[in-house]
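Next come two complexes built around subunit A: one with subunit B, the other with subunit C.
Now for the complex of A and B:
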């Protein structure tokens, strides 16, 4: 089945000749997942049934206090300066974007009246502009109206390099934000932009009020009093904030969604560790919700037996993977190892790469180590579902790996380690210090030993490994090892930036102070070309096909060996409903709709 | 006396300068930077991180950064946190009261437990009570606070479900409920810290009383017909407390060390947990300020110990 046929189906559905269900069944029959089919339809403007919430309160409030635990506490409440998700989450209690990303990566209107699309004329055919209609009657917590001026201000504020906003990438590609009327804005992009739902959407799209931040642009941004006392549009109003400890809010009596929120007070307590946070929600029920429970699955299962709470998964696109170095980490050229002027002595050989791909026992790693916290995957790009390749398979097969290596002329020596032309098949395998990673290393090492590959393990403390310290040889971007493992994800429901991890321009080297994204130092013109095409492709179906093609190239060339597709885990009280956490947005994207069952 | 005090206070200045120089250098040389989380985020360009580093002066040479810090500190400007962009003194003032309340209560608990038990043990050495007290004291100071803390949580929060194990500084209740809630949540952290201190203090107290009780003036007191109670309180315990007071003052730094761990376990929002969070986030100004506050407290408690000693025992004179 090719692209044209899929399009015909979509036309049929739009005309009512084919049901959504029948289409989904056909797609599933072809090996696509259900959500992927739904995505294809959504992208083509065939709307899904809106999710019906079984709980429909007749008045606001009355729910008492909502207590959530963030074991890494928010340290600042200005979304444009958020250093991590903890800060985005703390800000999200008070600030809102135009639209949030739901668990499938679709848009859910928050401050927008409706979601722009090709059909309603919101998204321009050339992909160079988009029209957002703002919800009317929305006010900031201090009573001032929310209008297009706030949107324009946020764009100017974040795009100004002097502000040093972490959201700069979402806004700097906007040529201008036009005010069509007080509640209609047109965003004009410099280039055709398929990912038009980046600015003002999701965790990076929270909007701050112009009237409180206008005087604090650029270099003065630190001095704004509202950095610590947010005034937003969200379901809760600010009460108190102690950096690193607690965020408190109270119900916003003029919230723009009728009869919401349910709770009267909100409290986000921070600090401590993940395991005891899990315990406080799952076992003792002291708290209602806990974020990011990075705890072994068997521990979580045991705590769940307390019967007070359960874990919930946010499925994003983070993937734990092994990278193969294309350059030689053992030869120094111009004061730099893993230099682009070298090639790896044997890891650039296709049979060696193929063998390694067969030696990673993903199902054992999934079952023994990650459990519900991940799933074995053959793909580097796993989400959103519309970009996931159905073509790839993974296999664990020591025998075949041995055959491949035998066939390529790698002979076993007296110590069982293979060698060719006097070069032994020895690998240095590095990763960060983390119990899951060390167990994974051990499983891979064992399998490699069976295939005559000697693996030396190295683990570096995370604060060094993931740092950008130019003077340190152990950072992951330096990659002074043969293979390395860590986890990375798109972070947004669009893989354009994520897939730039393998483009030639992003290759790290001494000349760019190891600041690029292509750490495996892989070069492929074809890949670069497809990535470039996807950057401005406005047809969602074609673009999805391009990303699937990029993923397949990575897997076929064994540039990376994906291991598990990791979930983010939250602990949820059994009485707390409608949390519906998303892997593409803050855990609190639906905070206004949370309620407690009595 | 006042001359001695002045001299000791003046000595503090070079000591603090030395401490700050060492701390600053170590922190500056340690790997990692406060914007590390941005480095792994694919959506944040490297320029933003570089821009922030430049803006906060992280790229300047260490001596210049240190000089800048000293000058600001002398002027009373503690700088601001790289992570929360809040002034460091604000952050510390938010946290200090909680630490003081928890540490103070722990110290009171330790004294209340240790003084009577130590005294009773010494009055009847090698009795059953003494044996039991000795055993518990040894167990007490052999177990680190992070371990007893976890044991307490397992027992009182999880099995018995009596006490909360998450400390909240802001409790919205009022009146008696406010006190009750605070009491309930403080029991475990205070008990963990207090009993740890009490364990070693009991042993000091016992040794001190044993030393004193054999002395002639105690026999004289008894001989002139004073009741046992008066002898004990006025003549024995009072004199035995002199070395114990000094030891308690010298032990205060140890309590701070224990408090860092205990605050982390029970999520007490004190300066100990602020220190841990800042170390993990490579937030140099806050780490500097908190360790600096800690070293001041240590030096001051040493000074207090010296002065108390002289006040309690007039035979000791200061030169």
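Now for the complex of A and C:
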């Protein structure tokens, strides 16, 4: 089935000749998933059913205290400076975006009156502007009204390089934000922008009040008292914050959604590790909700038998994968290893890469380690579903790997390790310390040993491995190893930024202080070109095809070896309802709607 | 030994050689009277024998992954059960025990030799040298252990790894670092002993009879100050085994697939409620080793301390 046929179907649905359900059935029959079909329709402007909530409270509050556990605690509460999800989540209690991303990756209005679309005239046909209508009657916690001025301020604030906001990438491509009236704004982009729902949406789109931050623009941004004492529009008002420990809030009596929220107090406790967090929610029931349970599924299943809570999962785009170093990590050039001036002595050889791709037993890793928490995947780009390639396959086949290596002239030595031209086929395989990752390492190492590849394992404590400390040789961006493994994902329901992980401009090196996204240091002109095209392609179907092509290039060249497509995982008390976590947004995207069943 | 030293000094210096066997016989007799130490010795010796010869008898590989047998309790095919990858725990324990015990003993030897040398020199020579050495000891004591350890590991890990290979390189590094950071208490103990023994009559007697410095030191002072050192040594073995697990925990020790006892324990912690055997066996091994060594140290101190009178 090609692009044209899909388009015909969509036209049929618009005209009422074909039902949404029938379309979905056809797509599923073709091996695509339900959400993919739904998103194809959404992208083509065919509206989905609005979400219906079964619980309709008649009054605000009365729910007592809500206790949630974030085993990495927030360290600051300004969403524009959020380092990682923990800070975004801490901020999300108090601040809100115009729209959140629901579990299917659709937009859910929060501070917006409605979601802009081609149909309601909100999204311009040329993809260069979008009109947002703000919800009326929204006030900040201190009583000031929320208006378009706040929107304009957030854009100016985040886009100013002197502010050093981490959200700058979402705002710098906005040419201007126009005020049409006090509650209507037009966002004008520098280029046609298919991903117009980046600025002011989701975890990176939370809006801070102009009247409290106006005096702290640019270089003074870090001095604002409100960085630690947020005043937002959210369901809970700020009470207390101890960085790295606890965030407390109380009900916002003037919240803009009637009869919400349900709880009177909110407490977010930090510290501990994922396993103890899982225990506190699933087994002992001390807490109502726990974020990001990176724990083996077997352990979670046992804890669930306690009957107090369950594991809630959301499909996102995170993928646990192995990267192959294209440069030589063992040669120092100009004070830098893995320098772009070197090439890896054997990992740049296609047969070696192909063999490694065959030596990762994805089904064993999926079934024995990740279980319900993920699924084996041949693709690097797994979500949103419309961007997932149907073309790739994976295989675990030691015999074929052996044949490929034999054919490439790698002969086994007396110790069983292959060598060619005096160079032994031995790899350093690094990752962060995490029981699941160490088990995966062991499984890969064993398969490699059977194929005559010697693997040496290395594991680095997460706070070092994922840090941006330029002085540390063990960070994942330095990549002073032959192969490495970690998990990464798009974080928003659009893969543009995510797929820049392999563009030439994003290559990390000493010259950019290892601040870049292309850590595998792979260079490919065609890939760069397709990525550039997708950036301003406004036709959703063509753009999806471009991303699928990029994914297929990565897999065919074995730039990465995807292992498991991981879900977002949270622990939820059995009495806590309507949490409905999304793989595309903060776990707290629906916090205002959470309630406890008595 | 103090009385023996004194009498020997009075009667004949050359007769000392003849007295030695009976000293050790006496010590052996005293040692055997310490029942817990005897039990400890038996346990420790059997552990050492087990880790040395065990892998020759129990031929299961340490890293054979078998998901069908994962998290199984003790059985005939896996006497100590399996871990969550179905790897045989007995084989891993035997292999890991070699490393853990070797790290503990080697680090202890380093700490003791540096500590004794510095302490003895300081206490015997005195004066400026004493002052300098003790200030150096103070300096080392004030260094924050873990950050320094991390720094050294970062600086030298790759060089050693390249020259000696991942396992041997890390072994030498860990042993040197742990040993090199634990000699200070020993040095202080030895110095304090020397300072007090130096003024004792039997040493004065030896000195007045013209015993040269090294003879006073090795013949009279050192043997008499060994008691506290031995106790410190036993504690060091235990501390080194535990320090190695700390390093493994931080990812700076041996590669994650080398099953040292500390590493097995770390891997087991999330499954404690479900597969307790996985943690119990390495935990017991560490516990028994440390306890045995402590009792042995205790008994050795009693045995080598002639001032302590034991009933016959």
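Here is the rule we go by: the second predicted complex is superposed on the first by the 573 of 598 C-alpha atoms of A that agree within 3 Å, B and C clash if a C-alpha of one lies under 4 Å from a C-alpha of the other, contacts with A are read in each partner's own complex, and residues count from 1 in each chain.
Keep this in mind: a contact is a pair of C-beta atoms (placed from the backbone, for glycine too) under 8 Å apart; a residue touches a chain by one contact, two chains touch by 3 or more.
None of these values were measured; they are calculated from a predicted model.
Of the two partner chains placed by the overlay, only subunit C lies in contact with A:443; subunit B stays clear of it. Judged by the touch definition given at the top, the superposed model places A:275 against subunit C, while subunit B stays out of reach.
Of the two partner chains placed by the overlay, only subunit C lies in contact with A:364; subunit B stays clear of it. Judged by the touch definition given at the top, the superposed model places A:170 against subunit B, while subunit C stays out of reach. Partner contacting the larger number of subunit A residues, of subunit B and subunit C: B.
Look at A:263: by the touch rule set out above, it reaches neither subunit B nor subunit C.
Of the two partner chains, neither subunit B nor subunit C is touched by A:108. Comparing the two complexes, residues 464 of subunit A contact subunit B in one case and subunit C in the other.
The touching residues of subunit A, counted against subunit B in their complex, run 65, 69, 73, 75-76, 81, 83-84, 161, 164-166, 168-170, 204, 219, 222, 227-228, 240, 242-246, 248, 265, 267, 269-273, 276, 279-280, 283-284, 286-287, 463-464, 466-469, 472, 488-492, 497-498, 501, 515, 517.
On subunit B, the positions that touch subunit A within their shared complex are 31-49, 51-52, 55, 80-81, 83-86, 91, 94-95, 153, 157-158, 161, 164-166, 168-170, 172, 264-265, 267, 269, 273-274, 277, 280-282. Partner subunit A is touched in their complex by these residues of subunit C: 63-65, 67, 70-71, 84-85, 154, 158, 166, 249-251, 255-257, 267, 269-271, 273-274. For subunit A in complex with subunit C, the residues that touch the partner chain are 275, 295-296, 298-299, 302, 364, 367-368, 433, 435, 438-439, 441-443, 445-446, 456-461, 464, 473-474.
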